[in-house]
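Below are structures written as structure tokens.
Two complexes come next, and they have one chain in common, chain A, joined by chain B in the first and chain C in the second.
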Partner chain A sequence: MRLELRDIRHVYSPGTPFELEALRGVSLAAEPGEVLGIVGGTGSGKSTLIQHMNLLLEPASGNVLVDGVDAATLKKSELRRKVGLVFQFPEAALFAPTVAEDVAFAPRRLSLDEDEIEDRVRDSLSLVRAEHLRERSPFALSGGEQRRVAIAGVLAMGPEVLVLDEPASGLDPAAREDLLRLIRTLKQTGASVVLVSHDTDEVAEVADRICVLERGEVRAIGTPSKVLYENLEFAPATVQTVAALGESDQSIGRPVRFEETLRTLRSLVEG
Partner chain B sequence: MSGSVLRILADPGSISCESLTYTYPGAAEPALSGVALEVMAGEYVGVVGPNGGGKSTLLRLLNGLLSADSGKIRVAGRDPDTEPFEVRRRVGMLFQNPENGLVAPFVEDDVAFGLENLGVLREEMRARVREAIRAVGLAGYEQREPHTLSGGEKQRVALAGLLALEPEILLLDEPTSMLDAAGRREVLDRTRRLRGEKTILHVTHHLGELLDADRVLVMNGGRIVADVAPGRLISDADLLAENRLVLPPLARLAAGLGLGSSKLRTPEDLARAIGEKIRRRAGTR
Partner chain C sequence: MNRSLGQFYPVVSPLHALDPRAKILATAALVFGLFLVDSAAGLALVTGTVVALVVASRVPPVTFLQLLRPVAFIVALTVLFQVLFSREGEMLFAWGILEIHDGGVRLGLFLGLRILLLVSAAALLTATTAPLALADGLEDLLSPLKKLRFPAHEVAMMMTIALRFIPTLSEETQKITKAQAARGADFAEGGPLARVRATVPILIPLTVGAFRRADDLAEAMESRGYQGGEGRTRYRELRFRPRDAIALTVTALILAGAALL
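Let's look at the complex of A and B:
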């Protein structure tokens, strides 16, 4: 599925002294099977933007298109099944006595039969590598496990676009690796993933394209090497290192992912 | 009052724990088991380790948010379990999410909020608020509305609110994990300036934030499994791997290129070191 935002404007508290134009005409698309990273500072409009992706917020002007069809004409429930939003600290919404029941909660409201619900619970828990936790209480899990179970709850809705807002925040490095692996797996299933993060290392590792938001506008969008090397303040320290070297040696190129960066520099140092 | 002399003698900035054990209700395994810890006044101590290793539980016991199943615990000379309010007056805790702590419409009200509950005189309150805002580098922000601030600024407002209470001890629970690179630098710069003046326990997943700490505790499985200098920790590959710790990307890059990592802290440092290495190699040809 292709999710496109076309010239989205959003104004908070219009017509009041507190009026704030949070998005000033944002256009971008998440293509099927790609990971689109969105970076930007506080107040850049990241959180407002993702709430337009399934019309939790309605734009002052502009359109959201699902495979070319205006999302406003779709049933809200249909749109929200197709576009799954995982907010920051999603584990705060865990509530059921067991992991399996928690994950089954949303699909159960889709009036599916029990076999289908069970399939979805099993598949989503398997995607996040949490099958072994299914009978446990979500409250007795570690932070990383809780995060994965909460994401499984959204996956069980069968979304075609998954939007993750700061999904690795507060996770230890190992749990963060698990999460990046999950994003790569989801991509292989043909889903699109929109990854919003303040952690540029993370975005550089998995994104196929990166969008830099600034004060409610798209400052840059494109391949990671182009966007990061041309907007160095949003680039990982490793990329900044290569850029600093590249000033005197153009032949280095523009590696982005860690392993690629290490390989490039190694061949340079070892000749 | 009996015991008051001992209290005065007890070092107000110190922390001392023996055989501390705590199990969350309904959990199969203890979150902390047999933890012993001595921190002297003015020390800057980092705490690292995997999620579920016991870091946050330890902080919550130290300021009396949780109460230990067994063991002995003294914070600023007092038992947080029996005197939680006395302890919390002396211990400031900074959390991950800067949004959660901010309550008032203006920065200065927010910073004053804790003081208002302590019955501090108005003039003194004003002076303390002014000083705390200055100490976090936000002079001029007194009348700003917290929701208009960046993440790093919000977290500094929260820190100012703690400093206004003049605590001897600061417990920092991943205070930068929700901030972007600029916000992280701002907050770390301010906490570093408090070094020596306050006793600081700093929990983080970013080893790079602890390179200047006096020592680092590694917690795993509810125990303190190592208590080492930061320089030793980052060069001990086994200790790092056993505790699922990862070096910051820049340090990993430096190590992967055979360059010592502890002194290369910025991209510019590393680029310079790589440049020298390339030139040396070219020179030996």
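Let's look at the complex of A and C:
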């Protein structure tokens, strides 16, 4: 599924002294099967932007298109099933007595039969490697486990686009690796993933394209090597190092992922 | 922005500058004094005073009226009931079983005005007094009760914390509501029972979060050496100045005058 935002503007508290134009005409699209990274500082409009993707917020002007169809004409429930939105700290919305019941919350809203619901719970828990937690209380889990269970709760809707807002914040490195693995797995199943993060290492590692948001506008969008090397303040330290070394030597190229940059740096040291 | 009753309106005005204890006492005097006022002239005097105070508070009149909106329905209902069902005084109008008497009209208007004045006085107090100052003032006024083992400081601290966390919890509610909406929850669909059930996925995480916050706060307070009111000093000392005494005296005199009219 292709999710496109076309010239989205959003204004908070219009007509009051607190009026704030959070998005000033943002256009971008998440292509089927791609991981689109969105980076930007605090107040750049990242969180406002993603809430337009399933129309939790409605734009002051502009359109959201789902495979070319205006999302405003779709049923809200249908749109929210197709575009799964995982907020920052999603574990704050866990509520059911057991993990399995919490994950079943979304599929139950879709009026599926019990077998189908059970399949979805099992599949989404296994995607986040949390099958063994299914009968536990979500409130008795560790922070990392809660995060995975909460993500499973959105995966259970079977979204075609998964939007993740700062999914790794507050997680330890191992849990972060798990999360990146999950994003790659989802991509293989043909789903698109929109990854919002201020951790540029994370975005550089998995994104097919990166969008830089600044004060409610798209400052840059394109391949990671192009966007990161042209907006170095949003690039990981390894990329910044290669860029600094490469200023005098254009033959180095523009590696982005950690493994690639490491190889480049190693060849520089050795050669 | 949505303004609600009890909201602080931060501007500079003579009323804002008064000592919170003076304002609390004056408001209390007004609330009790209003029950003693039962003449039209007396009510007019109190109304005039409240209007003058609103002007002095520099809260824009439109904003002030917005603060009163939550009670508009109760006032309207009170007036309507008195006018329709009270059979005091001369009959002014009859239509079938409906009778309107002049005593009822008078009673309805008086009661409605009294409620409006009560709420206005309370709204003036909270609009011109920062929540922390209000809690400090209340603590001081209640402190004589400490001799009777009444935990004045603790009560004031609880009030402060409650006020402090209202915006936090309301933000949290919004976040959780959105998160559940993203999982397909629908809060507007179905009958009353379905709607009540739909709030469970919001209320449970909200409660869990509130307990977690309370725990964190208690730990933070303890790690900073909080041990209750005993021996505790304040960064901002309250000072009862001559102008506070004057304000209180004038309020008392006006009320006495209104009660006698």
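Going forward, the second predicted complex is superposed on the first by the 271 of 271 C-alpha atoms of A that agree within 3 Å, B and C clash if a C-alpha of one lies under 4 Å from a C-alpha of the other, contacts with A are read in each partner's own complex, and residues count from 1 in each chain.
FYI, a residue touches a chain if its C-beta (ideal position, glycine included) is under 8 Å from a C-beta of that chain, and two chains touch if they have at least 3 such contacts.
Only a predicted model underlies this, so the values are computations on that prediction, with no experimental measurement involved.
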item	value
Clash or fit (per the criteria above) of chain B with chain C on chain A	clash
First (chain B), second (chain C), both or neither touched by A:V11	neither
First (chain B), second (chain C), both or neither touched by A:L112	neither
Which superposed partner A:F139 touches (first chain B, second chain C, both, neither)	both
Which superposed partner A:L55 touches (first chain B, second chain C, both, neither)	neither
Touched partner set for A:G170, first chain B, second chain C, both or neither	first
Between chain B and chain C, more extensive residue contact with chain A	B
Which of chain B and chain C A:T241 touches, first, second, both or neither	first
Chain B versus chain C as contact partner of A:P90, first or second or both or neither	second
8-16, 44-52, 80-88 or 152-160: stretch of chain B that collides with chain C	80-88
Set of chain A residues, in rising order, touched by both chain B and chain C	139
Residues of chain B defined as touching chain A within the complex	24, 26-28, 49-52, 96-97, 149-152, 174, 177-183, 205, 244-246, 248-250, 252-253, 256-258, 266-268, 270-271, 274-275, 277-278, 281
Chain B contact footprint on chain A (complex, rising order)	41-43, 88-89, 137, 139-140, 142-144, 166, 169-175, 198, 200-201, 233, 236-238, 240-245, 248, 258, 261-262, 265-266, 268-271
Contacting residues of chain A [partner chain C, same complex]	13, 16, 18, 51, 54, 56, 76-77, 80-81, 84-87, 90, 92-96, 105-106, 109-110, 139, 153-154, 157
Chain A-touching residues of chain C, taken from the complex the two chains share	1, 172, 175-176, 178-186, 200-202, 204-205, 208-209
